[in-house]
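Quick heads-up: structures coming right below.
First subunit A sits with subunit B, and in the next complex the same chain sits with subunit C.
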Partner chain A sequence: MRTLPVQPVLAALALLGLLGFGWLAVAPNRLVSGTALSSFAALHFWVAAVALLLVAAVPISPRRPALACAALLAALGVALWASGAAAPPLLEGMPPAARVMAGPGFWLFLLTLLLMLTEAARPAAALRRTMPLVLLAMLAALWFGGALDALSLAVEYRARAPQLQDALLRHMLLSAAALALALVLFVPLGWWGFRASRAEAVLGTTLGLVQVVPALALFGALMPLLGALLRAVPGLREAGLETIGATPALIATALYAGLPLWRGIVVGLGAAPRDLVEAAEGMGMTSRRIDWELRVPLGLPIFLASLRVATVQCIGLMTLGGLVGAGGLGAIVFEGMAQFATDLILLGALPVILLALFVDGVLRLVEGRLARWRQ
Partner chain B sequence: MAAMIRFAGISVNFGDGAGLRDIDLDVPEGALCVLVGTSGAGKSTLMRLVNRLVVPSAGTVTLAGKDIATRDPVELRRGIGYAIQSVGLFPHRTVAENIAIIPALLGWEKRRITERTDALMTMLQLDPALAGRYPHALSGGQAQRVGLARALAADPAVLLMDEPFGAVDPIVRRALRRELAAIHRETGKTILLVTHDAEEALELATLLVVMREGRILAQGSPLELTAMAADPFVRELLGGAGLPLRRLDLLHVRDAVRPGEPEAMAPEIDADASQLDALRLMLEHGATSLVVTEAGSAVGALRFADLDGRGRT
Partner chain C sequence: MSRPALLPLGLGLLLALLASGGAASLLWPEARVMDTPRLLSLAGSHARLAVIGAGIGIVLGVALGLLVTRSLGAPWRRPVDSLAAAAQAVPPMVAVALALPGFGFGAAPTVIALVLYGLMPVLRGTIGAVEAVPRAALDAALAIGLTPAQILRQVEWPLVWPLLLPALRSAVTLAMATAAVGALAGAATLGTPIVIGLQMQNEAMLFQGAAATAALAFLADGAMLLAAGFQSRGALPDRR
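And now, the complex of A and B:
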């Protein structure tokens, strides 16, 4: 099969972002969108450097992945640095509440460039590991070096740093707790589903139905349901359950993560080939031993993949916890929405995305390491 | 000799007519019993009765005089070596770990397991460097040797082998077959073997069982079953037009030798050679008789007309 020419298409989109839309916006305060500024107006001749690096990366991408990555990282670095440097002069003479925000062109460029980087690193295994590290180091250098300090997201961050750090920590704890709850509930159910095909059919349908319910509706519906439950069984309230806050968020998130986990267990346990199981039986392995020494190790890649999916899902869905008073990064996102403050929304949403990507990457690494006995 | 494995009045019912019917078979201790038959005849099913992977709908299977239905299946299976065509090596265990599966189940000490594994790898001519490899990195022939080693690991008195030399080239196949014959000779184990290779069946069997559609069609020594009178299906299965030659391969020159002077200039052949070798020599030299020698000195003559026992009738 011929692969699509991904890089040229992405490069065209990135150029469109760079040249076609507003790159920055200058606004009198954080709640209005302000007047758009093209990249030429904001970055001057640096636009040419960015565009050149971007275009140069395309033809060399398949054969010289390292060089292509370097060119793309340079394009990204220059674009970010020049944007940061453009902000202070723009703010001169403006009131203190004035801000320089990233415009739609900036975000389109950023997104497509990150995709191009992933695509460029794909052919070389070593690059797939080092490129994200270099990217992170570069972003950290720009951020901590103060190059981006004048942009509105950084301003917003400085105003909210302690709150954001608390929210991030709480978000991680809540996600971990939801995942733990899902594991406790659905791993045994998965085992049961594997053993009994009737159970599998019923459980599979039920968990599938949960996925169909819009997440927002499930989070919302849980509050009155929990309220009714707590009125009926007052003892539960004393045990720490509440109608708002962490309880509904944990339950809803765990229910969503249930399907991938449960399915992973059922499919993973069934992954051992029949003749292998039969050989084990013929050698006098008890069915418990066959489970532990054959089914579990052979299902491990599938278990891990489903754990990864469930974890990422927990991190993402926990954002909705902000709606039911559970706190976490979602609370910041929804506060931003209520104020129509784009920067605040981004301040809550970006860490969720980064956290999910990070966890996904780490778990993928673990998966790759484990399968020593496979090709 | 006492029967090591006895099938008495066995029927297995899989529904829709498949299964086994009216099976009576005694496998003597130390026998190498080969099951042959068309695909779906029930060979594997018959074999799997012995380690209770299949439960009969009627009849009993006795092992060393004991009804296996009264035995704990797990403990029973640990005492029986089982090798299958697809080999069934655990992909996540190394070669050494695979061989050690049953000894580990039996709770042997670590040192004893290592010694046994090393000994088996030597016996089956597996390079010691392979011990730490995973099965995906083995050739088909190596994998089958490992499968055989695993079946032999706990030194079981009975070995069940379901097409153990399936996926290898004819040369490796022959080498494996010779190794199996040697193991059988040296250990005196009772072996039940399924094969689709008639040459292999005739060479290895001390007891040959022909199956068709869930029944035993014929059983006996290879010589008995290759005799002219045997059932046409049996003859077809065991070699068709090539059968007379395969039969000659089973017979020894010694059994057809007659005393007396051979013709002058006749080629010499050892008394222990097969009659097929004798025929080959006759064809090569255009001779109709051979000088039979034993330890280098002539003991008599072999004439063309005496091949396959025809001279005696």
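And now, the complex of A and C:
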């Protein structure tokens, strides 16, 4: 049977990025896209080293996963380091506002290489755990060692570092607050929905309808609605509610996170096998004990999975908080979009994605641990 | 059907009425409001963008889903799965923002974000549906000497496509909702009055845009529930 193997195709894509598109771009300032530079012009003979490492990783990938990972990490490291080293000579004689940016080829190469790394590490369980750590350590060494300092993303970061760190912290706090609000509101409702089937039908329909409302519309609508509410009940304003800022962002995000949490509670509580519950009842256990000793422990994996989905949603949705004045990473993205400044957009967007992926990974790890511990 | 189509349809009509220029000028007598014809034309281009984006995403998603479930594409199952999981971590707004520098202001970043958003759930849905085809049906088809292409066309596809409908429905609903975000990248959608309202601190337009966007999403959802109801009446067992 003929099959289409993964690594050679991905390697061809990565080579296309390396050789086929602009690798770097030199621009007179941060707002224009600049003139493209091929990888040959930017990296000189280092292109050959990167290409060789990349191609060499393909045939050894199935049998020697660790060696393939090492080759791919080396290709990535050399490509990043050589790009960083190429920037200062390119900027010589240019005005101080000039920047060296990563081009489309660079991004295609980076994305496909990350996929290849995941794929190369897949056969060995130990490698799946260590490879991301080694990758992170290598990226941290390149970043903090100053190898990438002359690239535009790092320049933009240095100009904005305090603002960005504040935005990241605020984004995390807002997401956590929205998740907490959703938990306080919807966990009891989930419990109620499990007990009363009428409540389940009504709540399920309502929360399903909320999911249909576009996020932009809900964030937008909450401002005039909160305005009307605060005009009608001025006491709420003294309690800290506001029409602009964190209030609409928290409410909207919590409402969206409600459905996965609520459904997780209802389904999780119902996960205990019927005969087990009947046996417990037959033994004379009270329904309170059945809940705490049977339903909750057996539903735990489902609770955790729904918590993970809701958390990832909160992190992503909070980006729209930037639109209603709540701040966070979304505000950085919007500022970048308004200025059409690619680097600023990336500085806002990449942390959102990485934060979501990180939280997702950590919670998956917890779920896996729990599953193994139960066996 | 898990919930009746009448509820979203009714809510959609109600919100559409509230969003209209007449209702908004009653609610906000002193504010500048967007007139109904302009809203309707924005709704038209909103729906067009959503259908184009979702359409491309659906076609690509089904095609890739069928490919990775053939023996030819079998090694791609896992990487596609992890890619789909990673794509879920990119919020629609961030996808639009990331596509903006490469494709400029206008419809393109929105369509790209919509394709990405439609592609992943449809791809996963297709893989799930193909895997739900009973082994016995495939063995029987092999035994009577059908070629792989014939098996796909005559055995797998008729069993697969009814299971795909929920994924297609959610892809279109999602696209209807996500297209609003395109207004931030300069696409003419129902998000446009929201963005104008935010910039000009005009609560009336903010409300109009929000109500109209929600109305369109509800109407689309209701219409598809209705269509699914007609299609599945008696033909399919209730799967829940």
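Convention: the second predicted complex is superposed on the first by the 366 of 375 C-alpha atoms of A that agree within 3 Å, B and C clash if a C-alpha of one lies under 4 Å from a C-alpha of the other, contacts with A are read in each partner's own complex, and residues count from 1 in each chain.
Please note the rule applied: a residue touches a chain if its C-beta (ideal position, glycine included) is under 8 Å from a C-beta of that chain, and two chains touch if they have at least 3 such contacts.
All values derive from a computational prediction rather than experimental measurement.
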- Message: So in the superposed three-chain picture, is A:283 touching just subunit B, just subunit C, both, or none of them (first/second/both/neither)?
- Response: first
- Task: Tell me which partner A:128 touches in the superposition: subunit B (first), subunit C (second), both or neither.
- Result: neither
- Check the contacts made with subunit A and report whether subunit B or subunit C touches more of its residues. C
- Would you check which partner chain A:298 touches, where first means subunit B only, second means subunit C only, and both and neither mean what they say? first
- Determine, under the contact definition given at the top, whether A:160 touches first (subunit B), second (subunit C), both, or neither. neither
- Task: Answer with first, second, both or neither: which of subunit B and subunit C does A:237 touch in the superposed model?
- Result: neither
- Could you give the residue numbers on subunit A that contact subunit B in one complex and subunit C in the other? none
- Which subunit C residues qualify as touching subunit A in the complex? 2-3, 7-8, 11, 71-76, 78-79, 82-83, 85-86, 88-94, 97-98, 100-102, 173, 176-178, 180-181, 183-185, 190-191, 194, 197-198, 203-204, 206-207, 209-211, 213-214, 217-218, 221
- In the complex, subunit A residues that touch subunit B: 275-276, 278-286, 289, 293-294, 297-298, 372-375
- Message: List the residues on subunit B that touch subunit A in their complex, please.
- Response: 48, 51, 53, 73-80, 82, 84, 86, 88, 90-93, 101-102, 105, 134, 136, 150, 160
- Query: Which of the residues in subunit A come into contact with subunit C in the complex?
  - Reply: 1-6, 10, 33, 104, 115, 118-119, 122, 204-205, 208-209, 212-218, 220-221, 223-225, 227, 312, 316-317, 319-320, 323-324, 330, 333-334, 336-337, 340, 342, 345-346, 348-349, 352-353, 356-357, 360
